[in-house]
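Chains here go by letter, A, B, C and D, matching the order in which they are written, and residues are numbered from 1 within each.
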Amino acid sequence: METETNRVEAFSDGVFAIVITILVLELKVPEEQGSALWHGLLEQWPHYAAYLVSFLIIGVMWVNHHTIFSHLKRVDRPLLFLNLMVLMVVSVIPYTTNILAEHLMDGDSANVAAILYSSWTVVYALAFLGFWWYVTKVGHLFHETVDKDGARATRVRFGLGAVAYPLTVILSFFSAPLTLVAHFLIALYYAANQIPIPLVVEEERLETGSDLRK
Amino acid sequence: METETNRVEAFSDGVFAIVITILVLELKVPEEQGSALWHGLLEQWPHYAAYLVSFLIIGVMWVNHHTIFSHLKRVDRPLLFLNLMVLMVVSVIPYTTNILAEHLMDGDSANVAAILYSSWTVVYALAFLGFWWYVTKVGHLFHETVDKDGARATRVRFGLGAVAYPLTVILSFFSAPLTLVAHFLIALYYAANQIPIPLVVEEERLETGSDLRK
Amino acid sequence: METETNRVEAFSDGVFAIVITILVLELKVPEEQGSALWHGLLEQWPHYAAYLVSFLIIGVMWVNHHTIFSHLKRVDRPLLFLNLMVLMVVSVIPYTTNILAEHLMDGDSANVAAILYSSWTVVYALAFLGFWWYVTKVGHLFHETVDKDGARATRVRFGLGAVAYPLTVILSFFSAPLTLVAHFLIALYYAANQIPIPLVVEEERLETGSDLRK
Amino acid sequence: METETNRVEAFSDGVFAIVITILVLELKVPEEQGSALWHGLLEQWPHYAAYLVSFLIIGVMWVNHHTIFSHLKRVDRPLLFLNLMVLMVVSVIPYTTNILAEHLMDGDSANVAAILYSSWTVVYALAFLGFWWYVTKVGHLFHETVDKDGARATRVRFGLGAVAYPLTVILSFFSAPLTLVAHFLIALYYAANQIPIPLVVEEERLETGSDLRK
């Protein structure tokens, strides 16, 4: 059975919003007293850095999720579960973030933590690709305005775009802090650059054709 | 007084989204330093396994909740409270999950934890059956498109489907890890198989008859 | 400036959903090993009882909030802040719940905890009465279907209904467990009985007059 | 690509709702037994005070966010990320709140905590100004009813209004409790006073012209 997208979007928005917000629960109050509190706060910089990067990563994920769903008219049961898989992967990010923040400057364990963090972005990219692969394969879930063949053609570019994530896994063997910087830059890149989903109709028709959109 | 379903759905989506997301709060950063961190992470496998299974269970619950509500046009006061009861049962799952994860490999207490976890799925099944029983009994809350007699007839099959849960309680006396596997398989089964809610009209009419759907 | 109610409802639903769900974070895994885990679980009964009662209380609050907003057409700025005050009071309930659960069987501190818990329900009742007072006073925020004079007349009955809460404060001086039972019964009563908001039009016109409702 | 505002609002509402609600997680049950529990509760007054002030601050932020979005018709990609930045800053407030509450009466560390808390409100004001600056600059995201030139002219007044925040940073060097009081008064002021966004059409037309509003 196919249903409209609004409740899946609401549920997904809820999960994204909670995941991105509970990141802050890992920031703990330093116990230092007096002006040593400054020092205690500064020592937490790996937590701040990891918070910033993961917030940006989850934010970009949400924007992409939002963009894809704005092109969908209906959802079917397989899509509900592919979406659930994406959400499960996203939900684990506060955990990998926390591990990386705890161990960022701790020699060997820093590399272990970075490998885990980076590998999880690969898992996310795969879950998202699976989602997009299914949507473009079945086609009939799109709005009428979407160029289905064009959308299908973006799959290769989506896949190529995801190649940055395995590279961060390799980088993780060498430097955890540099890996975090790499993830920051990748997230910034994806924030600025988006693979457009081709439309068969012009933007203007979309503007007026409110009956085509939810 | 009867009201529309949208706010109940929004509230329920919120609860499901939070419950499924706070599961991750139970994954704690291992304290091992150096390359021993790998070992510390591997030792947490019961937490990962329980996380995966509970995420899937709650996800399937949400999909079923979503499916039933997509056939409802209005809610009345008893339904609000039956729905609240379902949400209360769902909200406890992170607690039973955590108990099972902590004790999964701990001899006697593993069985206790598994019995608790499995019994709670029975409670959930009963709460959900009560909800469905009420909806099909009063009938007038459905969309006009729903075949009310057909919907009523699904109650037996819904009930039979729920028999798997008491069986997991029995299995819990013998092996906690096997019980977790059983719950995983049951959730997968329910993810793939759904008892359809019969409609009086064809799917096509639903497609075009947007006035019949919210 | 007046705006539509949907975003206030969404925000309020979010807060209610989170408050009702994070109650479970206070249920901690018992540390007992072996079959002593049963004992450890049973010893947590005050937490289970407090969880149940607070879940029901917050659930009833949400239903009432939902009912009132289903009669509102627009919100103005004072209402936004009166609503915010209601949400603030609701958000503190997990804290008072936790204090009561921790101390329920602890002699003197049990009474202190019960007084706090009960007093907070008085605060909630006052916040809610203030909200209802304002809505019925200004009147113009209601849907056209609402009988404004009739709605104003319910204020006394609303106020009388709230008298049960101060009584629980008095009861708290004598017995914390009985106070919890009293709150359970009051919540059940409010779940079953609702002061109806009078309408100028018949229910049937509401059914067909979809243009009058959001 | 521009999309409608509803999903951004839903996501933002989710984040605001979670942030404002998890403030309560920092209120811990006092360990005092017997009637000493009263004393334990009273000793937590800095936590209560900080909770109240931060709840009000986040509430006012949400009302402002809500007000601005009620004047927007569409969002574009830069706006999504400017909004994400606002949400990131808001999400950190439970952390700065907790630090201030922990250290409010602790001599030197109280000033450090207050400086941090106040500086973060400056960061928030800047993030919000950036958001408003962009919206008024591009103009085309507004509803047709908004007077774009008038909206642009409010930027100076918005900026002047934000000058109170840097002043609290200075005050933080002298007294942490007074700083908290100042933030309370500022939030109350912003709750009561709002810079209106000018409209080209009269309020009445808005009332009837439902086609102009989402």
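By our rule, a residue touches a chain if its C-beta (ideal position, glycine included) is under 8 Å from a C-beta of that chain, and two chains touch if they have at least 3 such contacts.
None of the values given here were measured: they were computed from a predicted structure.
K.L.:
Check the residue numbers that chain B and chain C use where they touch, and answer same if over half are used by both copies, otherwise different.
P.N.:
Different, since most residue numbers here occur in only one copy.
K.L.:
Return the chain whose centre of C-alpha atoms lies at maximal distance from the corresponding centre of chain B.
P.N.:
For chain B, the chain whose C-alpha mean is farthest off is D.
K.L.:
For chain B and chain C, what's the span in angstrom between their mean Cα positions?
P.N.:
Each chain's C-alpha centroid was found; their separation is 25 Å.
K.L.:
Taking the mean of the C-alpha atoms as each chain's centre, how many Å separate chain B from chain D?
P.N.:
36
K.L.:
List, in ascending order, every residue of chain D touching at least 2 other chains.
P.N.:
10, 14, 17-18, 22, 25
K.L.:
Within the complex, which stretch of chain C touches chain B?
P.N.:
Against chain B, chain C makes touches at 9-10, 13-14, 16-18, 20-25, 27, 29-30, 32-38, 41, 51-52, 55-56, 59, 62-63, 66-67, 69-70, 191, 194, 196, 213.
K.L.:
Taking the complex as given, what residues does chain C use to touch chain D?
P.N.:
Where chain C meets chain D, its residues are 1, 3-4, 7-8, 10-11, 14-15, 17-19, 22, 25, 77, 80-81, 84, 87-88, 91-92, 94-95, 98-99, 102-103, 106-109, 112-113, 116.
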